[in-house]
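Below, each structure is written out as structure tokens.
In the two complexes below, subunit A is the common chain; its partner is subunit B in one and subunit C in the other.
This part shows the complex of A and B:
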């Protein structure tokens, strides 16, 4: 049995390469056995691949991955239907299938706890007034969350006096924002939103209306991908500079994560690198034969997470391309791998948080 | 209003339940006390008692009973 309560108390960036590999191999091996026993579909796939979860696993890198798109085609779960507590859905444009991720109470609770451990490493443990760059209607359907709703809700725990900066038509709610800022003048403020929403509905609007607000005490965490902004040729650096220009914010952290492995996000550090915590890891693989890439070599990203217990999503091959920049030696001091994302694989299905939004328009 | 009355009222408001249902209630025990409802409850309590809870306490706030113990840390006595 995996003792999550104990594991979640380990500082998230405290293991060096060897220690982390042994730790992940043990837990992911256990999880593989668990899913093999509980999910007939998973068992069938492992059997087809001739993979025996009972055999000695030398490294978690050798456990077969599932392509992330499989969660769109199949109902993959390792729990009974009456144990389903929440179903999360990924983004997907109209006509595309969406991933369905089935959570029981245990897995849902571990996701939230893990998120707290990772994010508070960057924000500190005290909560701050929170400004959400989105509209409140995204969390309306409580039993069925979109990636956007789940993100907002998960991060809400770091905030107090939560305020939504946009109205339901995605217009900037200036009156509300100004009242919020006045109330919390001089205090650190937590700002959260999705990269594209922030650009489109916050930055561009402030710029257009020639309004400057003061978020110099703020810390912004944003995620959801750069695909749409790449089309507009906005680089991460330009994103930071432009935001600083309209609201004076200096602390800006991107994160990489996906609904299939909620909780285990990869936060961008002060050096601009995305970091893997001890609760998860990334492997880059060569498209030609799926062998692991070297440091500095671009490949397809595989993500592993110790959290997925109610569904067999612990080892997934994403549709993203990226590069591992180093391990255990980032100048920010955090141990583990650090990496960058190049974007979506060519010809991969269009997918990303901001694309969900497109389907609603 | 006494602290216990305020405490119960926060639950009834956050979860749309009757006061009699509060005793013995646990996180995820009723449909409305899910992760959304949980943050709603925390907001209610912080408002009524004029406190700001730590993230760890929000996570540990797993039942009606446990919550009283946690609020003790913020000098809310029952």
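This part shows the complex of A and C:
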């Protein structure tokens, strides 16, 4: 069986191409067998795709990937119902189907440990005072564990004296922020939030009210995607510059990740590249035949992670598009692939007789 | 509704052909009898105008429509109605709501309305299509001919956004409302009441299948043409039209050999002419996985790439059509007898297209089993051909009044 305790102690950016490929192939092959035995739905899908997990697997790149949308439509799990520790859901808007990810204690704990390993590679291992650019109510409703709440809780272990910068109406809580900053003056501060929330409710408000606060000692980690900011034509570079302008922050790290593979996030390094740790990997694939793209060639993003054991989400095809920029040679020094995300796959204008009234958004 | 409100509503309508005055005068027009000579003559002139237009040549759907409107072609269709034409009259005003993503459908609907003797209000697709513009220009040019002046009051081709008020206004004005799907649109538009004596014709969401006799197929010497026909039935509309086959049934004694040649020939065309975008490739895979996860014995048959996805079925199950996809996704089943089709013959089943199968056999199958579905049985390659009987509905009959006279 997979010895996670040992594996999770390996430094997250320490394997070169060949070593990492062997490592992932061994573990993901094991996981594929595991899910094949434990999840009847997964077994049937592998059978449908003519894949035999017992045969020799030359590379994890050859194991079939499941489209991530399946987690919205099927209850995919490799544990009994009484072993479910928590169910995570994606943060879909009302009326949309959400992904349901079933976690047992073991998988949940591995997710948390992995997140710590990855993030502390960027923040250092000591806890810092934490400023969360969100409202406290998003984590209070535990009944449905949304991706936003899970993200905040997950990252909270890096922080002490957790303070929410927004009130429940998403207004800037200046008094609280100022008290927090005064208390921790001169110390490094961990700032966390979702990209759009930070832009909309933090940056824009500070700008509008013409207030400058001092976060020059801060390190900001943010994720959740650029879709809304793209609509406002805000580039990652502009995002950083604007934030620096209102609060003097210089260390800003985006991350790419999804609720279906919580824990294995892809952090943006000092060079502005997203990095795959040894616990996960990305492969870009061509629409025409799903063969892997070359470095520099845009494709559909497949993500693999060694963590999903309670549900068969270890090898997934996303609906995102991106490009691998290089492997083992990022100037930041971290080994493994580094890449950029272009956003969602473009919606195809499919012909045929569908509705006269297109869905009204 | 008072007068001022009506004016406000009318001012939101954009006319491609017609004016507010044309629209308001429509209920007072005298209907024609079906297949009126003046209308057939107009359609023939329209056909000529379209077919001589160089710009139209690149659009096979526009050209097909041009041919469809020729006098000779209309007269063939007329034959089926000859015994009752003299007793029938157009119902009055027909309000057509065309689908947004089949460019030329509006034109066929309009022509059916004209041939039945009605005045026509046609809501054009909201998306811009060169095909629509080309046909509108030809209609306009042909109407300018003094010979067809008298027909102009029967034409209103309009565009408007999502306005319930306009839909309500036009619904209250018409004698027949025709909605070209799908289900959501029908539900939305049905909220707008019709006059007590008005009727509606709705074309709801449908799906289709095809059947091929392997022995006949292998004997065929024109496999390239067969592949082209099948391509036109499917990929030309991203296999997403209600007429596009989603399951292929194979009959006969040489199924494996026939399959190999058939898909090989199709692949040659598809590889040359179709592109699959990322979203389509992912969505086909997702549908396949969902089907496989929830049904026994589903196997993907390896193909060269994502352009053609083949899925072998072991059993016919009632819910298979909930797992249909588009853009080149084909379920396949080896059929011993037609009776095996029955679980799929629900009312949503529209077109069964065939190659090499004896039509009599299919007709007998329908007669003996009287399934709720299957409204059309047509040769492969003709699934998209518009006919005045569509989806089991005779448009001429529905769009006319039958005047009964007794001695």
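One rule holds for everything that comes next: the second predicted complex is superposed on the first by the 346 of 361 C-alpha atoms of A that agree within 3 Å, B and C clash if a C-alpha of one lies under 4 Å from a C-alpha of the other, contacts with A are read in each partner's own complex, and residues count from 1 in each chain.
Assume contacts are C-beta pairs under 8 Å (C-beta built on N, C-alpha and C of every residue); 3 or more make two chains touch, one makes a residue touch a chain.
Note that the coordinates shown come from a computational prediction; the quantities given were computed from them, not determined experimentally.
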Which of subunit B and subunit C A:204 touches, first, second, both or neither: neither
According to the stated criteria, A:139 is in contact with first (subunit B), second (subunit C), both, or neither; which is it? first
First, second, both or neither for A:86, with subunit B first and subunit C second: first
For A:127, decide between first (touching subunit B), second (touching subunit C), both and neither. first
Quick check on the superposed pair: does A:47 touch subunit B, subunit C, both, or neither? Answer first, second, both or neither. second
Comparison of subunit B and subunit C by subunit A residues contacted: C
Between subunit B (first) and subunit C (second), which does A:160 come into contact with in this model arrangement: first, second, both, or neither? first
Does subunit B (first) or subunit C (second) touch A:289, or do both, or does neither? second
Please indicate which partner A:251 is in contact with in the superposed arrangement: first for subunit B, second for subunit C, both, or neither. neither
What is the shared patch of subunit A, the residues that subunit B and subunit C both contact? none
Seen from subunit A, its contact residues with subunit C in the complex are 41-42, 44-45, 47-50, 66-67, 69-70, 73-74, 287-290, 299-300, 317, 319, 321, 345-358, 360
Any idea which subunit B residues touch subunit A in the complex? 28, 34-37, 39, 43, 46, 52-56, 58-59
Which of the residues in subunit A come into contact with subunit B in the complex? 85-86, 105, 108, 112-113, 116, 120, 125-127, 139, 142, 153, 156-158, 160, 162
Sort out for me which residues of subunit C touch subunit A in the complex. 97-102, 105, 123, 125-126, 162, 179-182, 184-185, 188-189, 203, 236-242, 244, 276-283, 285-286, 288-296, 298-300, 302, 304-307, 326-327
